[in-house]
Amino acid sequence: MRQYIIKRLLICILVLFGVSILLYSIAHMVPGDYVSNITAGNQNITPEMEQRMREAYGLDKGLVEGYFSWLGDALHGDFGTSFVYKQPVVEVIGKYMPATLALAGISMFLELLLAIPLGILAARRQYSVTDYTIVAIAIIGISLPSFFFAAVLKRIFAVGLGILPVSGMVTARVNYTGLALFGDLAKHFILPITVFVITGVGSYLRYVRTNMLEVLSADYVRTARAKGLPERKVIGKHAFRNTLIPIVTLVGGMIPGLFSGAVITESIFALEGLGNVALKAVYAGDIPYLMGFNMFIAALTLIGTLVSDILYAVVDPRVRY
Amino acid sequence: MADKNQRQELKKIKKYNLKKYREYNKQMRKKRVPESEYLTKMKNPDNIIEFDNLQSYFYTDVGTVKSVDGVTFDIPRGKTIGVVGESGCGKSVTSLSVMRLLQGPQGQIAGGEIRFNQQSTGRALNLAKVSMKEMEKIRGNEISMIFQEPMTTLNPVFTIGDQLCECISLHNPEMSKKAVEERALETLKMVGIVRDGILKNYPHELSGGMRQRVVIAMALACDPQLVIADEPTTALDVTIQAQILDLLRDLKDKINASIMLITHDLGVVAEMADYVVVMYAGRIVEQGTADDIFHHPAHPYTIGLMKSRPMLNQKVDRLYSIPGNVPNPVNLPEYCYFKNRCDSCVEACSGPYPSLVSLSDTHKVSCHLHQGEAAHKKQTGGKQNA
Amino acid sequence: MEDMQTKNQQEQDEFEQNQVILTPGQLVAKRFFRNKLACVGLGIIIVMVLFCAIGPFFSPYGEYEIFYIDNETGKEVRMAEGGVGGSNMGVNVKAPMSSKHWLGTDADGRDVLTRIMYGGRISLTVGIVVVVIELITGVLMGGIAGYYGGAVDMVIMRLVEIFNSIPFIPLMLIIASVMFAAGVLPQYKIYYIMGVMGILYWAGVARLVRGQILSLRELEYMQAAEATGIRTSRKILKHLIPNVMPIIILIATMDMGGVILTESVLSYLGVGIAWPYASWGNMVDVVNQSVILKNYVNIWLPPGICILLTVLAWNFIGDGMRDAFDPRMKR
Amino acid sequence: MKKMRQALALLLSVAMLTALTACGGGKDGGNTDGGNAGDSGNTEQSGGTEDNSGDAQDGGDEVQATGTYDTLVIGTGDFEGVFSPYFYSSTYDNQVNDLIFATVSRLNKDGEVVDDAGHVEVEEVKAEDGTTKYVYTVSIQEGMKFSDGEDVTIDDVIFSYYVFADPTYDGMSTFNTLDIEGLADYVNAQKPLWEAISAAGQENTDFSIWTEDQQKAFWEAVPAAGASFAQEIVDYVVASGDVEAGDIAAAAGAWGFELEAGATAEDFFNAMVAKYENDLVALSGTETAGSSLVDFMDESFAEMVELASVDTITGIQKVDDYTCTVTFNTPNISGDKQVAWLPIVPEHYYGADFSKGHLEGVKEKNSAPMGSGPYVFDNYDNKIVSLKANPDYFKGAPKIPNVKLQYVADEAKVDTLLNGDIDITDPPASLEIIEEIEASSDKASYNLVDFAGYGYIGINAERIPDQNVRKGLMHLMNRAPAVSSYYGELAHVIERPMTPTLAEYPDDAKEYYGYDPAKALEYFKAAGYEEKDGKLMKDGEQLVVEIGIGELSTHPAKAILTQMVSDMQGMGAELVVQDMQFSNLSPAVTGGDLDMWVMAWGNSTDCDQTQMFGSKGGSNYQRYYSDELDAVLEQIKLTVDFDERCKLVEQSLDMIMDAAVYMPIYQRSDMEVYNAATLNLETLPEETTSYYNYVHEIETLEMQ
């Protein structure tokens, strides 16, 4: 087991290395660099000043040179200073992570909470009305462009009924503290999370359903029945434990999707999260942040897969590393 | 043209199936089934199971498959019944019908009775009708089953202990965890597994033979009145087969349970069964004591089977094999299903399906060769027996 | 006796004839068509394709033709007609539904219905092209990895992981801005984007295909084929490909919808098809202008519904396909 | 929409610098609708009351609310969290600065400089060397305090000058380009060695700072380095696919240098040297394809050298604790703004460890600003900046205890206001919004302000050298319908490239190029294009023009372009429209990679347009160089008499129009929306312009 994990970790590092090269070279191709952005249209900026700023921002380096100096610092945990926020990237990420984690984490949890039971139910009643309705609703969910869905929800609940805030994370006027503050935050997160869950739950539900169908037709389920186990135990224990195996692996794979999704949702609801910042960084050519962000996600993804592989071994005794 | 009415054909089938499914689901949803619906009377109190014109159908896209079509036979208490026949002749479906394990809604018991003589309550239940609740009480407790595929019949993610104890404590809720484990080990000993720590093992850690023993142990755990063994050895390699068979044989003496042994291996039957039922294409073509079947086979099919099994004492240059193969199970013909493979057809064979006639009080056969002359045969049969 | 035998034979033959026998293909088809949703989906797609492919020929207007309106006479003037200068002229924006414009005109004074047709062409094309690319790359890579295994497999799978761990949307945005620097003409931008998406998506496909092939190689008949020592090419063509086909078809249908969605999200972010051309995605963008969202339903709802239906349809088909292909669910 | 906000933030940021700024679709973008605010009233109420109770305990000596509400919430754009008057780059960060820092002078409604916390005046003095100097005397009120209780002195103002003038300063201010006595020496005192040497020239004999050998080595290194420098450009051009490898002459051509065929990289470099009159620094700064000239030399040449130890600016003199003088060498009509329209920044707080070339200490305070303005910085969290009233603000303590600036997306601004969550906001003006607000006038009222800027379409005279082609293009722009249908009453077409809010703008200017495809075609023909099989060709080349535009999806120029595209198609030419993120557009424009572009200038505060139209102007993107125009522009700067200036301005504008490089489109209105349910509307300024709004009277603003 230990060697396996070590081996995997080494591979992860290798992969991260590849990712960084890929990302850096792409990011480096971006035409509008930060300096030309902030100096744009500023009539009195002289070439000398721009050059000075470029050096200050380290934009004067070539691709290879730039990459290695970046890599060098990165290895020491220094991902440079965000141009836009004038703070170390690591700090910026740390600062904006909570919102994203809250959004993504809660949504992920809810998605699983919905997907698993409904998927199982649909599988047990394959071809029944229940099955069709669940699947249909789930698929309608994943067939909606998130921004479209979000806009409509906003229109109804925030603008129309005025029962939920339009955007942002807290109500500015009032200095809530403690529980009240939490409640206020929650209120602001309702819509984003709804969008997230509705547009995301479908694929997982479908996945659960398929696996359940597969398991239900397995011999050992018949054995369990032959033992005289009540149906709910057959499903809840014997079948479920086996569907769990693929679901575990699924969870690891959810991570990149979650963060990509966060980019859109956060920007629509003006949540102060990593994705939102990343979007801004793209438009501003804030290369250090982009690199930091993308590497962060990449690492998260790899760890996610690693963890789920380890969990795999936990839920499936046949698997041993 | 042909294509067209084929399509219509299929549409009709689909409609029909849907109707059947709906009925089935309605049936399943019923929580409580009034006793009156499934209480019945045993024909003979010494029997543990009585199949009475059992009909188990599969409603498939291409039409209704009558896997079991009007099967009637009894399983006396403490006796072993061998059910033989080529694969796909409805042996397994019969057994699954007893357990009510047919894959609904496609597979259903379409008619007939399966009378079960429940010792614990002294009632006679019609298993074809009982509610799932009742059934769950019976399964694994009074009737248990041994499946073909030891590789897949055990749940890969639970330990042997879990799966075994689960079964025991389920049917004996009063037993303490400790007692349950002891019982489990006991049964395992009974099937010849003494290795300690076995309870902690996972199925994939055991050999095929071992697993089959575990499966058997599971079946015996609650000392049932009837054990259904569905091809318990086919999936195993020969040496293991032998072991398992020995096991089953002395188990047969150890536990005073009836065994319904389903196999296509006549040898096994010959060694173990008291009575033999020969099935062909979902129907019983011949049934009787082991002696009747093995020494006085009456039905051409049985005869064929006999011929086709290797004998040590007599030398044949080439094993006999029955020509042709089982007719398509969908909409079978009206005449004898075996007709087209039969080498001793008579005119009557083109007539309606032959009914089951008694050659002796134990020996029954359904073949035109024996129609009518039943009475005469009876005596001669009797003589021969004497 | 003899004639009896032959008679039997004949009987059996004709008996066999009027049996309903089904080829595997028919079975799949049957299972597919048993799934109502799948049938609905198929229907929708067909309608959509016809609508977008043929529709424009019946529309009197151009894809990005704008309509002026004489503020004094209230008479509508078409872009090409000329005489549209002068201060009394205005662009006929957000016109209500009318016999002239069945779905009215959008915020730029262009005919909504016409744009939906043209936009549909793009959106559908995006789906197909991307999927094709991802399949070609994915199947190839996955096939190689699965078939040869060893170092090749190792390398390819690492590559897959690399691609998997890159956050998609930020990357697309960066690439979009790189494209201008690379001097890509706007009207071709969308095709490059399709390419990039295809490239980014191959990883998933490769992984699936590889898995499939690995499991295939374990199967007896495969080993039997090996044993007979047939040529590799033949082995791949005759044995592997046909058996990977189902999963490929599955991915194809499943992803088709997802890609169309992604396209709409990208054009929401300002990447995607270039002005003045239409795609359903960039037509729906207007929902973030809440005035339009509220007062001009005719502008955003139709394209929105088109996206919803199309993606829905592809998903339904995908589901149907999976259930149909998966023998485990035959019963 | 994210991208629009982003673009906007960038745009206005630059704008605020009294420069003109490009304003893509961002500001003109997204309409907004109010939606019903039916039950938002009670949310406010609860909000208000909750807040009072919450505020009770932290009462202390702080300002108490006059009404129910004690917190003013301003809905604004996206912050970058750099709340420093020196280093901010987003307008919205600066909006916070405006509330925290008092300025010596401010602008009045008409954009003229008037006293605020201080006073500025200029006088011409004859220096002993006979030249005329222009001395600005800057004085501040006595007895003002920073929010930490320290007194405000003139040193704090001078401190700002030195920060802005610091050689390592990388903020947005252009102070260090002013022609202040001794400023240049101060700024350029430190230079990379190679710049110094090349500036000194080959014949230099002063080896105080570098040795003769170094100098020799340098000039020997130049040709080789130059060659590689040129080669890099060639490779770049080749890479971009315009010419095939090896053909240096062609590459140079594409780069704007005519060389005879078979030229070498050296020739190319020499050509450049010639163009820049041996000013290698400027050369490598502007022509570079990535690396600087010095990158091809020994690193030692890149090291910084102290030319002379200049650590004071001779032109800036402290008179007494509350007065100082700033001496300009040349007149500058915006000089007073440059020296006095500056925030007063506490030296003792920011300047703790500041010395020439070391701004780190100053930057550390980026996230914790402190000044003497009406409000005091409290915290920045969740995209909300919280400020507390400054009890000893020199104009008297503000009436509203707390001000919060919250980021709200443009499209959401009105909705949020009508929901009662914010009190003042600035949505992009649009007909729908006005409709919306008037529909619920009990909830909100608005105010339209002429936006001190204008939208325009520019043509790059280097990429389209033929004036006839440019004129043809001009005649294809059908502006009126586009503007009227997009803005209605909110904007009007203008005829000259200058902000009409400026007094100098010639209001009676006539349309210069009317929309007329036929005329356009004539011009194209005149330029030598003829129709060959449906294509407008000239020596084998079809007429293809590439135009760049930002955030097109919501840009008022859409209709114009659509019309152009189809008209040009009609006559066999092609208009390639590049719809780009603003972050890509501006570099493309500044870098001259586009034939045409659509942008907008904002916040012009004076009529000096040298930067945009002068040959040496930093914003001369159209790359149209004309000496006579330069002359006129210079003249304008020096002409203090108003009517004189107007004439010159008009003349210059006509010259620009005739050159057909600039087509002004519209001049539009901004809007401010106020929450009628929470504010005392009568306490708002009676007149609001783009130079003067509620922020300038925030201390008197009251809430209900």
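By letter and in written order, the chains are A, B, C and D; residue numbering begins at 1 in each of them.
FYI, a contact is a pair of C-beta atoms (placed from the backbone, for glycine too) under 8 Å apart; a residue touches a chain by one contact, two chains touch by 3 or more.
What you see is a predicted model; the values in this text were computed from it and never measured.
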Pair exhibiting more inter-chain C-beta contacts, C-D or A-C: A-C
Farthest from subunit D by Cα centre, which chain is it? Let me know. B
By C-alpha centroids, what is the most central chain here? A
Centre-to-centre distance between subunit D and subunit C (centres being mean Cα positions), rounded to whole Å: 45
What's the distance between the Cα centroids of subunit A and subunit C, rounded to whole Å? 24
Centre to centre, by mean C-alpha position, how many angstrom separate subunit A and subunit D? 37
Using Cα averages as centroids, what's the distance between subunit B and subunit D in whole Å? 90
Where in subunit B do residues touch two or more of the other chains? 103
What are the residues of subunit D that contact at least two other chains? 2-3, 33, 35, 412, 415, 581, 583-584, 588
Residue numbers in subunit A touching 2 or more other chains? 31-32, 155, 159, 217, 279, 283
Mind listing the subunit D positions that touch subunit C in their complex? 1-3, 30-33, 35, 240-241, 411-412, 415, 430, 432-433, 436, 478, 480-482, 484-486, 493, 514-517, 551-554, 558-559, 561-563, 565-566, 570, 576-581, 583-584, 588
Which part of subunit D faces subunit A closely enough to touch in the complex? 2-3, 6-7, 10-11, 13-14, 17, 19-22, 33-40, 43-44, 47-48, 50-51, 54-55, 69, 71, 73, 78, 80-82, 87, 89, 167-168, 170, 172, 174, 177, 281-282, 285-286, 290-292, 363, 366-367, 382-384, 404, 406-409, 412, 415-416, 419, 421-422, 581-591, 599, 601, 611-612, 617-619
Where on subunit B is subunit A touching in the complex? 25, 99, 101, 103, 132, 135-141, 144-145, 147, 149, 152-158, 166-167, 170-171, 202, 204, 215, 218
The answer for subunit A against subunit B in the complex is residues 128, 217-220, 222-231, 238, 241-242, 245, 315-318
Per the touch rule, the subunit A residues reaching subunit C in their complex are 11, 14-16, 18-19, 22-23, 26-27, 29-32, 126-127, 132, 135-136, 139-140, 142-148, 151-152, 154-155, 159, 202, 206, 210, 213-214, 217, 256, 259-260, 263-264, 268, 278-279, 282-283, 290, 293-294, 297-299, 301-302, 305
